[in-house]
Amino acid sequence: MYYSKQQDVCLERVNMRRIVLLSFLLSLFVFCWVLDGRAKEEDFPVPRPPFSEGIFPCSNCHAGMEANTKRRELKEEHTNIQLKHGSVSRWCLDCHDATNRDMLKLASGEHIDFSHSYELCGQCHGPTYRDWKVGVHGKRIGYFDGGPRTYFLCVNCHNPHDPKFKPIKPEPPPFKPLYKYNPAARSGK
Amino acid sequence: MEAWRFYKKTLVLVAKGRPIYYCWCALLLFIMAVGLWFYMKQMETGLIVTSMRDQVSWGLYIANFTYLVGVAAAAVLLVIPAYVYHFDPIKEIVVLGELFAASSIVMALLFVTVDLGRPDRFWHLIPGVGKLAFPDSLLAWDVIVLNGYLVLNVIVPVYILVNSYYEKEPVKSFVIPLILLSIPWAVGIHTVTAFLYNGLAARPFWNASILAPRFLASAFCSGPAMIIIIFQVIRKVSQIKFSNEALFKIAELIDYALFINLFLLGAEVFKEYYSNTIHLAPLEYLYEGLRGHHVLVPWMWLSLTFNVTAFLLFLIPRTRRSLPTLNIGAFLIIVGVWIEKGPGFVAPGFIPDPLGEIYEYFPNFTELAISLGVWATGLLVFTLFMKVAIPIVRGDFVHSKYAKIASKIEPK
Amino acid sequence: MAGNRYSRRDFIRMASVAALSGFGLSGVSCKKADLEEFLQKHYLEMTEEDKKRTIKRLEEKYLKKYGKQFTISTQGAKPGTLWGYGLDLSRCIGCRRCVYGCVKENNHSRYNPQLHWIRVLRLPEGSLINLENAEHYYDPALVPEPGYVYMPVQCQHCENPPCVKVCPVHATWKEPDGLVVVDYNWCIGCRYCIAACPYKGRVFNWAEPNIPAEELNTAVHYLGNRPRYKNVVDKCTFCVQRVRQGRYPACVEACPTGTRKFGNLLDPNSEIRYLIDHKRVFRMKEDLNTEPKFYYFFGL
Amino acid sequence: MKRDRPGKGLDTSRREFCKTILLGTMSLAVPGSILAATEKKGLSDWYGTKYEPAKHLYAMGIKVDRCIGCGRCVDACKKENNVPDYPFFFRTWVERYIETEDGQTIVDSPNGGKDGFKTLPSDKKVFKTFFVPKICNQCEKPPCVQVCPVGATYRTEDGVVLVDSQYCIGCRYCIQACPYGMRFIRPETKTAEKCTFCYHRIVKGLLPACVEACPTQARVFGDLKSKASPIIQFMRFNKTFVLKPGLNTEPKVYYADIDREVR
C-alpha cells in the first residue's frame, strides 16, 4: 500500500474539516427532515433514466385513467414487459406509484423521482447500493477529480423488469501473429 | 612514412590473390549485397517484414548474436594454453584465433544492429553523449564489454603482427597484461550475455542460475570447433603450417566442455521434469511439443544427437586423432550448439509468453537473408585479416624483406 | 541552474553526434526538422524551452502527415497523486469494448500492424490465474459464456518495473505519479523491455502506424497517445492525457459493466482506496515483486 | 475443475515415468511398490465392498470471508484424530493475516488458532485482517507421494493422500517435499502424519470433523463427482483459487475470496 505518505500530517486538518462539514450537514439534515418529513438521500449526478421511446411522462396516458390496483396480467398495454424480477411476489404498483405515475414509490410509501430510482433498488440490494454509492459497483464516466462526472443508474445497465445482465456480442479478437492482409487468417489456429 | 608504407603494402596484399580468393570474396560480397538489400527493405517497412511479433520479440538475429558472442569468447580457450602454459603448437595460431574472435564480435555487434528498430538513434547508447543506462541495464553492460573485447582482440594481434613485421619481439610488459586481461574478459562477455537473459524474472526458461555456466560450456565447444575447421582451410589455401597436434589438443578441450554442456543440460532437464511446475512448459515445448505446437522438436532432438555423437567422436582417441572424424565431429558441434543456443534458446524463452499464448516463431526469408549477409560480412572481415596476418606469421611479409625490395625500387 | 548544467554536455553531444552522423545524413535530403528530430534530447533533460520547440516541431510534423492540428500536452504529474487501477473480475464479461475504446483514444495502428494495449484473456472457471489455460482469441457469438471468466490484462504500472530496469538508454521511466511511460523519440527499438515484462504490457510498432485520419484523436500527450513511429516500443499509460486532467481513462469509460475502476491511491476517499480497503484484491504475479498498481478484485 | 492443459494428457504419466525410472530401479532391493500394492488391497478390506472409491473425488472449499478464527476446527481435528497437543503439531490450523497501514503483512497462528486469536502480535496500525484455514490440499499430483522412497504414502482412488504408518520409515523426505507444510512426524510412532480429510468418516458419508465443527460454514466439503454436492455449488458461485498454482500440484482445496498475500 502506498498511500500513507502524508496521511498523519493532514489527518488532523482533515478531521477538523470533517467535523465542521459534518455538523453543517447534520443541521442541513435536520432542517430537511423537519421540512420534508424524511431524511433525503444524497443526490448523485445521474443521466436521464433509459425510458422507452415516447412513453414518459406516464401521466400523458395515465392522467385520466382509473387506477386498477388489482394484481393481474397486463393484456392491452405494456405487453412487452416481462417481469423477471421476483415476479412471484411483486408487480408494477410495488414500485410505480398508483396515484402519480410519473413518480416511483418506496416501501415507506414515499414518492421519488425516476432519477432517484437507485433508492428504490437500494431498498432490497443493500450491499450493492452501498458499493454503488462509493463507486465500486456500477459505472462512472467523466472526471473522477475536479470536473463533472456521471454515475450510471442501476437501470442504465439492468432492465428493472428483467435485471439480469444480458449477454452481448464481443468485439473481434486481436489478429493472430503473422496476420497481414487477409481477415480470414484471423480465425485460423 | 614507414607506417604509410606498411598500410600501402597491406592494401596490396588484400587486393591481390589467386582466382579462388577473388571468387570467395565476390561470393561474400554478393551475399552481403543481398543481405543489405533486405535490410534496407526491413528499415523501410519496419520489423514487420520479419516473423518476430510481440509474442516472440527476439528471433534469429539475437539467436545468432548469442551464438557468436560465445564463439568470440572461445578464443580464450586458445589463449590460456598458449600464454599461460606455453603449450607451443597452439601458440602459432593464437594470433589468428584472436582475429577470429574479433571477427565474431563484429558479427555479434552487427546482429544487434540489424535487430534494433531504430539504429539511427544508436548515439543514445554512447555514454556521455546519449544516456547509456549503466549499470542498471545488462544490455548497457553488453555494449561496453563487447566493444571492449573487440578493441582488446584487435590491439593484441595487431600489436604482435606489427612487431613481427619489424622482426621485433613484442614488449612483454605491454602485451602480456592485455592477454591476461582478455581471459577474464572473454568469460565476462559471455557471462554478461547470459545475465542479459538470466535477469528476466518474466521468462522462467532464462531465469535459471545454471544459464551462465551453460553458456560458457557451449561456447567452449562451438568456438574452437569452428577454429578447427577454419584453420584446416587456411592450411590448405595458404601453406601455413600448423601441426595436427594443436588441432587434437583443441578437440580434447572441446570434449571436456561438451561433457560439461551436456551434463548441465541434463541437470536442467531433471530439475524441470521432476518438479514439474508451470516452468516446465518451455522445455516441454522444445523436446515434446506443447499443446500441439512442436516446430522446434525435431531440431532439438537433432541438436542433441549431434552433440552426443560429437562427444563420443572426440572422446575416443582414435576418432579424435583422425582428421576426417575430427572434422565430422567439429561440424556436428557447430550445428548442434547453434541449434541449442540460438533458436533453441531464444525462442522458447518467449514460449509460452507471459500470458500463456503460444506463437510458433520460425524465421522467414528476410531474416535468413540478412543473417547470411551478416555472416558473410564477418567472414569477409576475417578473410582480409588472414590475408595480411598469414604472410606475417609465415615470415613472408616482414620489414627487412620489404625494405630490401623498396630500396631496389626507389634507391635513396 | 539546471539549464547551464547541461550546456557543456549538450555541446559535446551536438558536436559528436553531428560529426558521427554527418556522413550518414549527408546522403539523405537533410532538412532542418529531420536534423532536429535526430538530435532531440531525452524528454527528462529538456528545458521548458526545448519542450516548447519540440512540441511545435511535432505539431507541424503531424499537421503535414495527417492534415490535422494536434495539441500536444506536456502536463506533468500532479503532486500528491499516485494512480491506481481496479478491475472487478466478477463483472468482466469479456466483451473487449475496453480494447477498442483504447484503440480509438490512443491512436493505435488499426491493422498491419494491429496494436492493442489491452488483452482480454478467457480462463476456465475453477482455477483462476493459471495463465497457461488462457485463450486470447475467443470469439463466440455472445459473451459471457458459461463456465468461463475473463481477465483483461494491460500494463500494470509496477512500482518496481522490470522494463524500466532493463532499458539500455533510459527511454522508459516511472513518472512521479506512478505511470510508466516511454519517450517514443528516444527508444532505440531493442525490445529488451518486451522480454522483461511479465504482463505482456508492452507492444512494438512493427511498422508505421496505420490510423484513419478521420478517427485521429488530436488531444494528445507527449508521453501518451500521440501517433507513434515505426520500430519503437509502446505501452498503456493509463491515458496520461486524461488522468492528469482528472478524467477517467478511456477503458473505464468504454466498459459497459462498470468493471473498471480508477483513482488516486493517495486519496483516502477515492474509489480505488475504497475497493482495496473493502474488497478482496490481488495483483498479478506477486512473487515477481514488481508491485503492480493494478488491483484485480471481486466486487461480488 | 481438473486443471487440464488442453491437448495434453501426459502430465500424470510423466510424473509416473520419473517415479518409475528413479524408484523402479531400486524396487527390487526395497520392495516398496509391492508393499504399496498389497497395502491398497488392505484398505478395501477395511471399508468393505459397499463403498466404491472410484465413484468419488473429494474436495474442500474454504470461504475466507466467513472464517472468524474461532479455532473450533483445529480443536475438533485434534480430538477426532488424536493429534497431540504438544509439541505443536496440526493436521489443520488457522492463520491470521494482518495487513498493517504501512503495507506490511504479518501472519501468525498462535497454537494453530485453536484458542482463537485474542491479542495482536504487534502494535502497528491494522489496515485489514482476515483468517485463512489451512489443511492438506490433497493434491492431484502430490509431490510428497512422488518422493516417498518406500511407497508408504499414496493417493487413493477417491483423491485423498494417505500415509501408511506401518510402512513409513520416518525419513521425512515427504516433509521437505510438501510445498504447503502439511506433514509432521508423530512423536509416538516416529512416522509421517497428515490430514486425511477424516478418511474414516468420509467413506461412511460423514463430514470431516473440521467441517462439522465450523460454526460459520467457512468450510465446505463434498464430492466433485456428484452434482448435488455442496462443493459443486461452491465452485459455481465463487471465483476460486488454489494455493501455489504454479507448482502444478493441482490442489483440491479451493479458496474463495482469498486475498493477495496468502501463500
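Which chain is which? They are A, B, C and D, in the order written, and residues in each are numbered from 1.
Heads up, the rule we're going with is that a residue touches a chain if its C-beta (ideal position, glycine included) is under 8 Å from a C-beta of that chain, and two chains touch if they have at least 3 such contacts.
Nothing here was measured: the structure is a model prediction, and the numbers come from that model.
Legend note: the chain whose CA centroid lies nearest the centroid of all displayed protein CA atoms is C. Pairs A-C and B-C differ in how many C-beta pairs touch across them, and the larger number is found at B-C. The mean-CA centres of subunit A and subunit C are about 33 angstrom from one another, to the nearest whole unit. Centroid to centroid, with C-alpha atoms defining each point, subunit B and subunit C lie 37 Å apart.
Between the CA-based centres of subunit A and subunit B the separation comes to 67 Å, rounded to the whole angstrom.
In whole angstrom, the spacing between the mean C-alpha positions of subunit C and subunit D is 43. Residue positions of subunit C touching 2 or more other chains, listed in rising order: 112, 119, 130, 132-133, 136.
Listed for subunit A are residues 1-2, 176, each touching two or more other chains.
In subunit B, 53-54, 278 are the positions where the chain touches two or more neighbouring chains simultaneously. Of all the residues in subunit B, the ones that touch subunit C in their complex are 45-48, 52-54, 57-58, 112, 115-126, 128-133, 136-140, 143, 196-197, 199-203, 278, 281, 349-350, 352-357. Within the complex formed with subunit D, the residues of subunit C that make contact are 89-90, 125-130, 132-133, 149, 277, 280-283, 286-287, 298. Taken together, the subunit A residues at the contact with subunit B in this complex read 176-178.
Contacts from subunit B toward subunit A in the complex involve residues 51, 53-56, 359. The touching residues of subunit D, counted against subunit B in their complex, run 5-8, 10-11, 14-15, 18, 22, 141, 143, 146, 245-248.
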